[in-house]
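In the two assemblies presented below, chain A is common to both, partnered first by chain B and then by chain C.
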Partner chain A sequence: MEPFFAARGIEAAYGRLQVLWGVDLELQQGEVAVLLGSNGAGKTTLLKALMGLRPLLQGEILLGGQHVERLRPDLRVQRGIHYMTELGVFPNLSIDENLQVGGFGLPRHELRRRIDELYETFPDLAKLHSASAASLSGGQRKMLGVAKAVVVPPRLLLMDEPSAGLSPRFVGEVVAVLRNLRENGPTMLIAEQNVKFLEIADRAYVLDGGRISFRGTVQELEADDAVRQAYFGVGGH
Partner chain B sequence: MLRRRWVDALVVVVVVLAFVLAPQAYSNETLLFQMMVYIALSQGVNILYGFTGYLPFGYVGFFGIGAYGASLLMLHLNWPPILALLGGGAIAVLLGLLLSPLLRLSGAYFAIASLAASQAVYLIVSNPALQNVTYGPYGIQLVSQFNPTLSYYVMVVILALTVAVVLYIRRSRFGTALQAMRDDPVSAAMAGVPVVRQRTFAWMISAAIAGLVGGAFAWQTSVFYPDAVFSLSISIFAIVFTLFGGAGTLLGPLFGSVVLYGMYNTIGISDPQYFQLIYGLLIILLVLFLPDGAASLLKRRGSHVL
Partner chain C sequence: MLYALIAGVLFGLYYALIGLGLNLTFGVLRMVNLAHGDFVMIGGFAAVTAFSAWHLHPLWSLVLVAVLIFAVGIALYYVLVPRIAATKDPEMISLVLFFGLSQVIEALAVMRFGNNAQSIYEPVFGKAPVSILGQPFPAVWVVSGLVSLLALLLVYLYLYRTRIGYSTRAVMASREEAEVSGISVHKVSAIAFAIGLGLAAAAGALAPFMLGGITPDLGVGLTVTAFAVIVLGSLGNPIGTVAGGLIYGIALMLMQTYLPSWSALLPYLLLLLVLLVKPSGLFGRQVRSA
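Up next is the complex of A and B:
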């Protein structure tokens, strides 16, 4: 079956330093994939390349069977790809204002309706709607980042380390938010170091030194000795 | 929403009334005029720096080109002052459009490039070879148009418009988008905000304000040399007043301009050594304890600062 999203032979560089080497990824519609990789493995570069924020040396990117690799980032946004950066929110704006920016292109009344819907999904945000994002806890901030990313529901959500800077308790909260979002939610590619996100994933990739070193289901990944050692902190059988 | 509109209208009315009535209580109209000039310029800096994070050291370029644009329209084309003043604003906007590629830079690079651009405009305007057009280094004389009273009230109108524009930006989706872009331009672009267009628009609004103010300054002063309207100290004053009061708010730059420019006129001319000492100390204290300006004192207490 033709995948909903496919990236093939992605190569990208910073100047003369090549950081991605022939990366292939595939996702079916509605699937959640986790892209595991340590610091410097090339996760952020890969997400930026998929979004058009880093030029490709080579490779093709297809969304719904259509090539998007030559499109500018704003046109990829229009096609339904959304990139949630590590920061994820605008710290000097209130929660409400963050969500307003998330739905910038929507007509005013539709934006209000959509924000109210999101407040039902994220009641913690509703309670604090006029608080500045900078005053939120790490977990709440990520929650807001996710809510902001889905004000206009994307077809493909690329997330850059949603666990960055969070304590284990807050990581659990973010995973719970994403689990809720899975129902009728967007197709998601989550770049992470934290294996907790595998709980909500259908598929996993491991990026190592700019190359995909593992691809498969979560069960297959958990059975892989090398990956277990690197990411779960346990040895072989 | 309705209450907010009333508050906004009240702020504009208070500012207008203050400067309409002030000459009754204080006879130095020139000082009041210049205070309005700095309040408006600091709000222009505020639109750029407070809302987009771009610090325009060359902001004086728009002021100077507005002053020259308006003056030359009066002198060469015999335009009536108010129309010429609007022309000066339009010329500043055109200069803004011409310089908009500078917005591709950021941080210190933008600050320095905008400063260089303003100096380039100054050198062109003051070039003796252009004496037939700009009067070169010999300056402008608008003696036949001199009308301090009318120019004063026109400046009140420009100030009121400036305050209204800043209030609009603070309340609008446009202003929210600008602040989002300041925090994280990539995320803002990902949310569909047309980052380059919005930033350019803010830049041109800011240019228009400086251009109009420059035109009014030229009309009120009526005799001036190029270095009087392209002096870097005009940019520095507007920036310091904005930062002192608190960028990104309306009342911050207004407060900064009134307090610091008031102080400059109280002791800056009679006792410049004390003024510079106090000024320097205030800036050091501000950077150390209130990097977000005086307005942050109120914000820390949980108050909303307009």
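Up next is the complex of A and C:
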């Protein structure tokens, strides 16, 4: 079966330094995949390449069978590929303004309805709606990042280290939000170092030195000795 | 003292108007438009020419030249900026290119208007002074202050009360984050760049009264002054520009009152002071990283 999302033979570089080497990814509609990798493995570069923020040296990217690798980032967003960066929000904008920017292109009345729906899902954000994003705690900012990324429901949601800088309690909250989010169906690719995100994943990839060193289901990953040693510590998690 | 303070506020609003356009451009593009002052000069010559040729009131010239230069700004953006952005060193290339543009505009102005200062010498805003807190001021200063305030207010409403304004501020915060939020960054930036030039030209229409006379070499000095104003109030922060303009205007009037021979040094002194004491500007904020 043709995958909903496919990236094939992705190669990308920073200047003369090649960072990604022939990376292949595939996701079926509604699947959640975690892309594990240590610092410097190339996770962010891969997401940026998929989003059009880094030029490809080689490779193709298909969403719903259509090539998107030549599109500008904002046009990929229009096709339904959304990207929650590690920053995730605009710190100089209020929560409400961030959500309005996330809904760029939606008609005004529909945008308001979507924002009100999101405020029901994220009541903490509703309480602080006029507060500057810069004044939020790390956890609240991640919640805003997630909410901003789904103002317009995505077809594919790319997430760059949603646990970065968060305490374990907030990581648990973010995982819970994403678990809730996946019930509504967006396909997700989550770049992470934190194995807790495997709880909500169907599939896992491990990126090592810019190459995919493991691909399979979460169960297969947990059974892989080398991966267990690298990410769970010997003896499992 | 009171006279100098009030005059400083009036001139400060005017300098904020000049600086705001430069700050908008810097905010969205991270490029300093070294030709910014030359668009003030263009606005000035346009107002002088329109008045001498058709007796057009400078306030009408202000509106017309702002709209016209806005349109020029849109075209100029799409001719220049995507090419600059595609280079390996956009900041350096933009400095050289905008400096070159400034020189071309100045040379064309010399060819068209000559080197002598030109102005509007008729009292188009009336002869009677306007009294503020018992102090008499030329009506044109008060009108310029009010027009500048209105323009600053309109820009504020644009940035803080419209969806495209939110997007403009989003681009100012992070161009990359804006792109992946689905914002058409070039469209938003082109409009901000054009508004910046339009504001410069609008300020230019008042320059014959606020700056004395218009000469082709006015642009370079005004760009430095505008730069001092926006560095003072924080680069990329439009609200800070208003504060920067007011501080500059008041400092200028105080120096012209008490140390007139030093007043020409003011922009440079303020620049040095801010860069040494608070390089992020008075309203520069660090984003909380918790």
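Note that the second predicted complex is superposed on the first by the 234 of 237 C-alpha atoms of A that agree within 3 Å, B and C clash if a C-alpha of one lies under 4 Å from a C-alpha of the other, contacts with A are read in each partner's own complex, and residues count from 1 in each chain.
Everything below uses one rule, namely that contacts are C-beta pairs under 8 Å (C-beta built on N, C-alpha and C of every residue); 3 or more make two chains touch, one makes a residue touch a chain.
None of these values were measured; they are calculated from a predicted model.
Q: Judging by the criteria at the top, classify the pair chain B and chain C on chain A as clash or fit.
A: Superposition result for chain B and chain C: clash.
Q: Please indicate which partner A:87 is in contact with in the superposed arrangement: first for chain B, second for chain C, both, or neither.
A: Both partners, chain B and chain C.
Q: Is A:65 touching anything from chain B or chain C once the two structures are fitted on A? First, second, both or neither.
A: Neither chain B nor chain C is touched by A:65.
Q: After the superposition on A, what does A:100 contact: first (chain B), second (chain C), both or neither?
A: both
Q: When the two structures are overlaid on chain A, which partner does A:22 contact: first (chain B), second (chain C), both, or neither?
A: Neither: A:22 stays clear of chain B and chain C.
Q: After the superposition on A, what does A:135 contact: first (chain B), second (chain C), both or neither?
A: The answer is second: A:135 touches chain C but not chain B.
Q: Considering only the touch criterion stated at the top, classify A:148 as touching first (chain B), second (chain C), both, or neither.
A: both
Q: Same chain A residues contacting chain B and chain C, which ones?
A: 51, 53, 73-74, 77-78, 82-83, 85, 87-93, 97, 100-102, 104-105, 108, 148, 152
Q: Hey, which residues of chain A end up touching chain B in the complex?
A: These residues of chain A touch chain B: 51, 53, 73-74, 77-78, 82-85, 87-93, 97-98, 100-105, 108, 148, 151-152.
Q: Mind listing the chain A positions that touch chain C in their complex?
A: So the residues of chain A touching chain C come out as 51, 53, 72-74, 77-78, 82-83, 85, 87-93, 97, 100-102, 104-105, 108, 134-138, 148, 152, 165.
Q: Under the touch definition given earlier, write down the residues of chain C that touch chain A in their complex.
A: On the chain C side, the touching residues are 163, 166-167, 169-170, 172-174, 176-185, 285, 287-290.
Q: Please give the residue numbers of chain B that touch chain A in the complex, ascending.
A: Contacts found on chain B: 173, 176-177, 179-180, 182-184, 186-194, 248.
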